[in-house]
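Naming follows writing order (A, B, C, D and E), and every chain is counted from residue 1.
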Amino acid sequence: MKDLRLGGRERLLLGTVGLMLLFAVWQAVVRLQLVPPGLLPAPSELWPAWMSEISGGFWQQSILDSLSHYVLGLLIGSILGNGAGLICGSVPLVDAATGGIVRLLRPIPGLAWVPFAILWFGLNNAGATFVIAISVFWINFYAAYGAVKSVDRELYEVAAAFGHGSFLARLLHVTLPAASPGLLAGLRTGLGQGWMSVVAAELFGVPGIGARMMQASSLLATDVVVVYMVTMAGLYALTDFLFGLVRDRLLRWQG
Amino acid sequence: MKDLRLGGRERLLLGTVGLMLLFAVWQAVVRLQLVPPGLLPAPSELWPAWMSEISGGFWQQSILDSLSHYVLGLLIGSILGNGAGLICGSVPLVDAATGGIVRLLRPIPGLAWVPFAILWFGLNNAGATFVIAISVFWINFYAAYGAVKSVDRELYEVAAAFGHGSFLARLLHVTLPAASPGLLAGLRTGLGQGWMSVVAAELFGVPGIGARMMQASSLLATDVVVVYMVTMAGLYALTDFLFGLVRDRLLRWQG
Amino acid sequence: MSLVRIEDTGLSHDGGKSFVFRHVDLSIGRGEFVAVLGPSGVGKSTLLRVVMGLIAPTEGVVKLDTSPRQAGTRSTALVFQDARLMPWRSVRQNVAFGLEGLGLSASERRERAEQALRLVGLAAEGGRWPRQLSGGQRQRVGVARALVVNPDLLLMDEPFGALDAITRTSLQEELLGIWEKTRKTVMFVTHDIDEAILLADRIVVLAGSPACVRGDLTVGPRPRDLSSSSRRVLAARLRSLIAGEDDPGSEAWLRSVDI
Amino acid sequence: MSLVRIEDTGLSHDGGKSFVFRHVDLSIGRGEFVAVLGPSGVGKSTLLRVVMGLIAPTEGVVKLDTSPRQAGTRSTALVFQDARLMPWRSVRQNVAFGLEGLGLSASERRERAEQALRLVGLAAEGGRWPRQLSGGQRQRVGVARALVVNPDLLLMDEPFGALDAITRTSLQEELLGIWEKTRKTVMFVTHDIDEAILLADRIVVLAGSPACVRGDLTVGPRPRDLSSSSRRVLAARLRSLIAGEDDPGSEAWLRSVDI
Amino acid sequence: QFAAAAPIRVGYIPVLGSSALFVLDGKGWGKDAGLDLQLVRFTSGPQAIQALVSGRIDAYVAGVLPLLQVRARGVDVKVLASGAIEELSVAARGKLAEGLEAGDAGNQSPTALAQRITDFTTTTGHKPRFAAQPQGSVPDTVLRYWLKQQEKLDLKTVDIVGIDIDAAQQAFLAGAVDAAVLREPALTVIRRRLPDARILANGHEMLPDQPGSVLAVVNPNAPDRAAWKNKLTALFVKSTTLLAEHPEEAAPYVTKALGGGLLREDVIAQALKASAHDFVADPARIVPGVKALQDFEVAEGLLRSATPVEDLFDLTTWHQATP
C-alpha cells in the first residue's frame, strides 16, 4: 500500500500552488480576452475594488451582517438537521411516519421558502437566518440519517450488554460516536451550503454580503461582485479550516 | 435491543397517515385564516389550479422540460462529484493540491454561476443543466470524500494481500464498495438538491417547472406555485423511492 | 434456586423455518462454573446472546435470577468472541464502559479500569486506541471490560481464543482465582476441551442441527491434572460428543458424573 | 536458495522511537513449514505483514524469491488473524477474491471457490453474508480465501484460533495433506504449542521487547505423537522460551535439533 | 439575404412594458417582414444584462438604466425606441393607505405625504416600510427620486428595503411592508386581492416621463444589424401604437406571453387599458428622465461617474421608422 502521507506544511504548500495556478489561468483568460470584457474582472483588478469597499466601510459591515445570519442559520440548521436525522435514523416508527412529509418538503427550493419566511418572520434577520437554516438542515438531515443507518449493529449489542441499552444511552454511546465521521462530513458540507444560501437569504433586503453582491450586480460592478465572492470563499476557507482542526481531533481514533 | 422492524406495508401506511396529517393542518391553517389570504392556498384549492394547468398543456410540458435538465444535471453532477470526491479522498497529493481551489469555488452560490452558464453554454438547456450539475456536484463531492476517508484501512491490506494492491484495484474492490453507504447517501441528498436547484437553473428563460413557478409567482398565482411545488415533491418522491429500491438492493449486505 | 433457567428454548434467524438450536433445557446454579462446548457454528455464541437478553428466543423462555446488585456492579456481563471494542474509545475508556452510569466517580472508574487492565497484563496500553492493539490484546481488553463490573453472572465467549499458552494460563489462573474468591456464576464458551476440563464444574455439550444439549457432565474436584487417566477418558468422551459420533440414545450422558 | 530471507529487520510504529521487533534474522527454505510462536502482542502478526509486503520494515530488508507463478495462482497469500472478510461480498465471493484478475473464467473461479469451501466445511454457507456467520466460520472462510489461490508462500496468522477441537483437527489434517502434496512454503503463526509441534518442521520463537528470534528449533519426523516424552520436553522448552524465562545466553537454542 | 436568415435573439423581461414585443411577435409581423425572431425570457435585469454583455442576445426589451452601465463598460448598445413610460407606481396598504380613495391616483402633495408618514410613525411606533428592488435597480432609484426630489422628504423618515420582485409582492401581500413599488399587471392583481390597497403615487407623479422598457440593439452599427434593425424598430413602434390606441386588440397576445394561462384575459385587458397612455415609442421622451435618474444616482453616491446619456440613444432610427 503506497500510503503517501503529507505533512501539514506540504499540504499548505501544494494547496497554495494549486490556487496560484487557478489565479494565473484566470488572469490569462481575461488578458487574452477569452471572455467578453466586463463579465469577469482579472484578479489584478480586484485589489482596487477591494480597497474602495474597505475604505467605504461596506466590506467590514457586510461581513459582520452576513456572519450573524450565517452563524445562526448554520447553528439552527445543523442542530435540527442532525437531531431529526438521528431520530429518523434510529426510530423506525418516526422514520416511517415522517417519510412522506420529508419527501414533500425536501425539494422545495430556498427561494420558495422566501414568502413563508416573510410571513413568519417578516423582512428581517430572522427571515434570512431561516432560509439559511433550511438549506443547511437538509444536508445535515440526510447525512445524519445515512450515517446512523450504517452504524455497525453489533456495537449496539455491546452497549446493551454493558447496561447502556436504553434509547438515550445507545444514542450517546454508540450512534453518535459511531456515526460521527458521517455527521462531521454532513456538517462540513453544510458549512459550504450555508455560504451558498447567504445570497438567496439576503434577497429579502437584509443587509450583508449577498445583498451587497446583488446591488453591485445590478450596477454591473462585476469587480465588486467578485471581491465579495472571494470574500465568501475566504470566510468559508477559514471556517472549513477551523472545522477541519476540530474534526481531526474528534476523529483521532480513526488514525 | 428493541429493534422494531416495520414491513413495507406498515411503512407506507404510516407515511400516508403522516402526510394526511400535514394536509389536514395545512387546510385548517388556511381555513382559520391563520395566514393572510392569497399567500397560501388551501390544499383543496389546488385541484382546480392543477386541472387548468393540465388542460392548458403547461403542466406536462414543464415536467418534460425540467426533467431533461434535471436528469442530465443530476447525472453529470453526480458522476463528476463522486469521481472528484473519490480521487481527492484517495490520493493525498491531489487532495492537497486541490484543497485551496475547492475552498475557493465551493461557496459560490448557484445564482452566481448563472452568468458563467450564460457565457459558456448560452441561453439554453445546457446552461440550466450546468447550474443543476454544480449544486449536485458539491453534495456528492463531500459525501464521497468523507466516505472514502472513513473506509476501514485494514481492508486495503486484504486487497493488497490478494493481488489487488494497484490504485485501480483498491478503488474498485475496496474503496467503492466500502464507501457505498456514504456514496449512496450523497447521491440521495443530491437527488433532492437537484430539484431545489431547478428553480435557480431556469432563471434565464429556459422553460420548465422552475420557470413556470417563477412566472406564476410574479403574477401572484400562489395556487399554481404550490401545484408545481407539489409536483416537484411528487417527482422527487418518485425518484427517491426508486433510488431507495436500488439502494436497498446494493446494500443488502448491511442487513 | 438456579440463577439461569433456560426452558425448552429455540432460536431461528428466519422466523421459524430453520432453527439454530431448539428444545434446549439448561439450569445453572448460583456459583456454578459451566463450560459450553460444541463444534464451530453450532450456536454457542447465539445461546450466550439469548441468555444475555441481546436477542429474544423464538421459542421457550430464559429466566435469570440475578440478585439485587451491589453498588458499582452489574448483574451480568459478556465477553464477546470478537472483542468488539468501541474504536472511538481508548483502551482504558473501553474497559470503563460498563462502569459508566453506575454512580461511580471518574477517579473510581479510572482506578478500577486500571486494576482490570493490570489483571490482563495491559497496564501500559491503557491510552492506546483499539486499532493499535494486537489481536490477543484486544481480546484481553474485552475480558477486562467484563470483569471490571464484577457481575453476578459472567458470560464468556471463547475469551482466551487468541492467546498464547503463557498468557492464557495466567489468565485462566486469574479467572479461577476470582471465581474461587467471589463464587460468581460463569458460563464459559470454549472450543478447547482441555480448557473446559481445567476450569469448569460442569461441561455442557451442544451438538446437532438444530443443536440441543447432547451432554451435560460434571467434572471432579480441583486442582485438576489433565494427564490423569480419568481426565483423558473424559476428554475422549467430550470429543466424541462434540463430533456427534455417539448418540446418547438414553439420558445416560446427561448428568453423568465424572470423578 | 531460501524462499524468504529476513535480514536484520526491525519495525517501529513511531518512526524509530520504540520498536515492535528488531534485529530479526530468519530464512525460510522452499517447501519448509515454519511455525512462529510468541506471547500475545510480541509482533507475530506484524512480522507476517512485513513479509507479505503490507508494511515496509523500518530497518533491514525482506527478500522473497517466489518462483514465476503458474497460471491461476498467486505467489503469496495471507490468512489474517481476524478473518477480515469483505462485508459486501458473499462468502463465495470472498473466497474468490484472490482469484479475480488471474484470467480465470467466472465458472472456473466459482468452481474453485466451492471446492475450497468444501475443504473448510462451509459448502452450504457459500451464499451467506459474512455477518451471518459464526466466529469460527468466518475464520474458515479466511483460510479458504488463501488456499484457493494455491500460493507458493502461504502465510497464516492463527488460522485455527477460534475453532473447536474437531474442526481444528480436521483442518490441520487438510493443511498437512495439502502441504505434503504440494510442498508449499508455510509460515504459520500460532499461540498453541501443541499445534506448532504437530504441524511444523521448524518452530521459531519470538520474544522480548523489542522482540527478536529467541529460539529456532527443528522438529523431528512425522507423524507426531504429542504424548511422547521428547515432544513433552520440546513443549516445555518452548513454553519457557515464550515466557522469556530462560535466556539462551549462547546460540545453543537457535538451530538446536530435536528428534 | 444571408444575414436576415440568422435568428435575431431578443431578450426580454416579462412585464407589461414589454408588450410591444409580444404583439409584434404574436401577430406574426416579424415573420412577414422576413425577421426570424427568437424570444428569450429573463426573470431579472442582471441576467439579461449578462447575456447582453456576453453576446448571447442581439436585442433587448427591458429597463433602460442598466444599459448605461453596459455602455460604460465599452459595449456598444443603443436604444432605438421606447416601449412604455411611467410603468412603476407606489402602492400602499393598511394604515399608510388609510383615507385614500380607491382608483384615485395618489395626488399627494408633499406636505400631505409628509403628514401621512408622520402620522403613521406616531401611531404604529415604526417608520413605514417601502419595498423596492436592491439598491441600484430602477425601482429603487425611482422610489428614492420620488421621495427626495419630488416630495422633498428626508429619506430617513422611511425604511426602504431592497428585495427581489417576487418577494416584494409577497411581502406587500403578507403585510410585511406598508408600501411597494409595483408595476402592471401585478398592480391589477394586487388590487383585486387586497381591496384596501391604494396607489400612493402613480408613474407620472414619481417622475414625469419616467423611463420604462426600451428596445435596444447591441452593436447597432455592425453590418449584419443594418439589415434588420430598422425593420424591427418600425414594427416595434407599430405595436406600441396599437397598444396605445387599441389595447383590447393586443390583450390576447400579451395574455399568452405574460400570463401563460395564469392570468385571465380580462385582467390583462384591464391592465392594458389602465396603462394605454403609457405606451410611448418616442425615445426622445425618456432622455430627460434617464438623465435625471443618472444624476440622482451620482448624487446619491451609487454611481462613480455619469456616462453621457445622449450616446445611448439613437433617435434617427425612430424617426425613419415613424411614418
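Operating definition for what follows: contacts are C-beta pairs under 8 Å (C-beta built on N, C-alpha and C of every residue); 3 or more make two chains touch, one makes a residue touch a chain.
Please read all numbers here as calculations on a predicted model, not as lab measurements.
Visitor: Tell me the fewest steps from subunit C to subunit E, where a step is a jump to a chain it touches.
Guide: Contact-graph shortest path, subunit C to subunit E, evaluates to 2.
Visitor: Per the contact rule at the top, check every chain pair and give me the one with the most C-beta pairs in contact.
Guide: After tallying contacts for each pair, the winner is A-B.
Visitor: Work out the mean Cα position per chain and let me know which chain is farthest from subunit C.
Guide: Most remote chain from subunit C, centroid-wise, comes out as E.
Visitor: Same residues or different residues where subunit C meets subunit D? The copies count as same if more than half of the interface numbers are shared.
Guide: same
Visitor: Superposing the C-alpha atoms of subunit A on subunit B takes a rotation of how many degrees, nearest 5?
Guide: 180
Visitor: Name the chain whose C-alpha centroid is most distant from the C-alpha centroid of subunit D.
Guide: E
Visitor: Please tell me the distance, in whole Å, between the geometric centres of subunit B and subunit D computed from their C-alpha atoms.
Guide: The computed centroid separation for subunit B versus subunit D comes out at 49 Å.
Visitor: Determine the centre-to-centre distance between subunit D and subunit E, using the mean Cα coordinates as centres, and give it in whole Å.
Guide: Centre separation, subunit D to subunit E: 84 Å.
Visitor: In subunit E, what residues contact two or more other chains?
Guide: In subunit E, 50, 54, 166, 170, 174 touch at least two other chains.
Visitor: What are the residue numbers in subunit D that touch two or more other chains?
Guide: As it turns out, subunit D has residues touching two or more other chains at 54, 132.
Visitor: Can you list the subunit A residues in contact with two or more other chains?
Guide: In subunit A, the residues touching two or more other chains are 1, 35-36, 39, 115, 119, 157, 160, 254-255.
Visitor: Quick one: in the complex, what on subunit A touches subunit E?
Guide: Against subunit E, the touching part of subunit A is residues 35-39, 114-115, 118-119, 122-123, 203-205, 211, 214-220.
Visitor: Can you check the complex and tell me which residues of subunit E touch subunit A?
Guide: 45-46, 49-50, 53-55, 66, 69-70, 72-75, 129, 131, 133-137, 161-164, 166-167, 170-171, 174, 176-177, 302-303
Visitor: Where on subunit C is subunit A touching in the complex?
Guide: Touch residues, subunit C against subunit A: 49, 52-54, 74, 76-78, 80, 84, 86-89, 97-98, 100-102, 129-132, 145, 149.
Visitor: Where on subunit A does subunit B make contact in their complex?
Guide: Touch list, subunit A to subunit B: 1, 3-6, 10-11, 14-19, 22, 35-36, 39, 92-93, 96-101, 103-112, 115-116, 119, 135, 138-139, 142-143, 145-147, 149-150, 153, 156-157, 160, 165, 170, 181-182, 184-185, 188-189, 192-193, 195-200, 210, 213, 225, 229-230, 232-233, 235-237, 240-241, 254-255.
Visitor: Spell out the part of subunit A that touches subunit C in their complex, as residue ranges.
Guide: The contact residues of subunit A facing subunit C are 154-155, 157-158, 160-164, 169, 173-174, 177-178, 180, 252-255.
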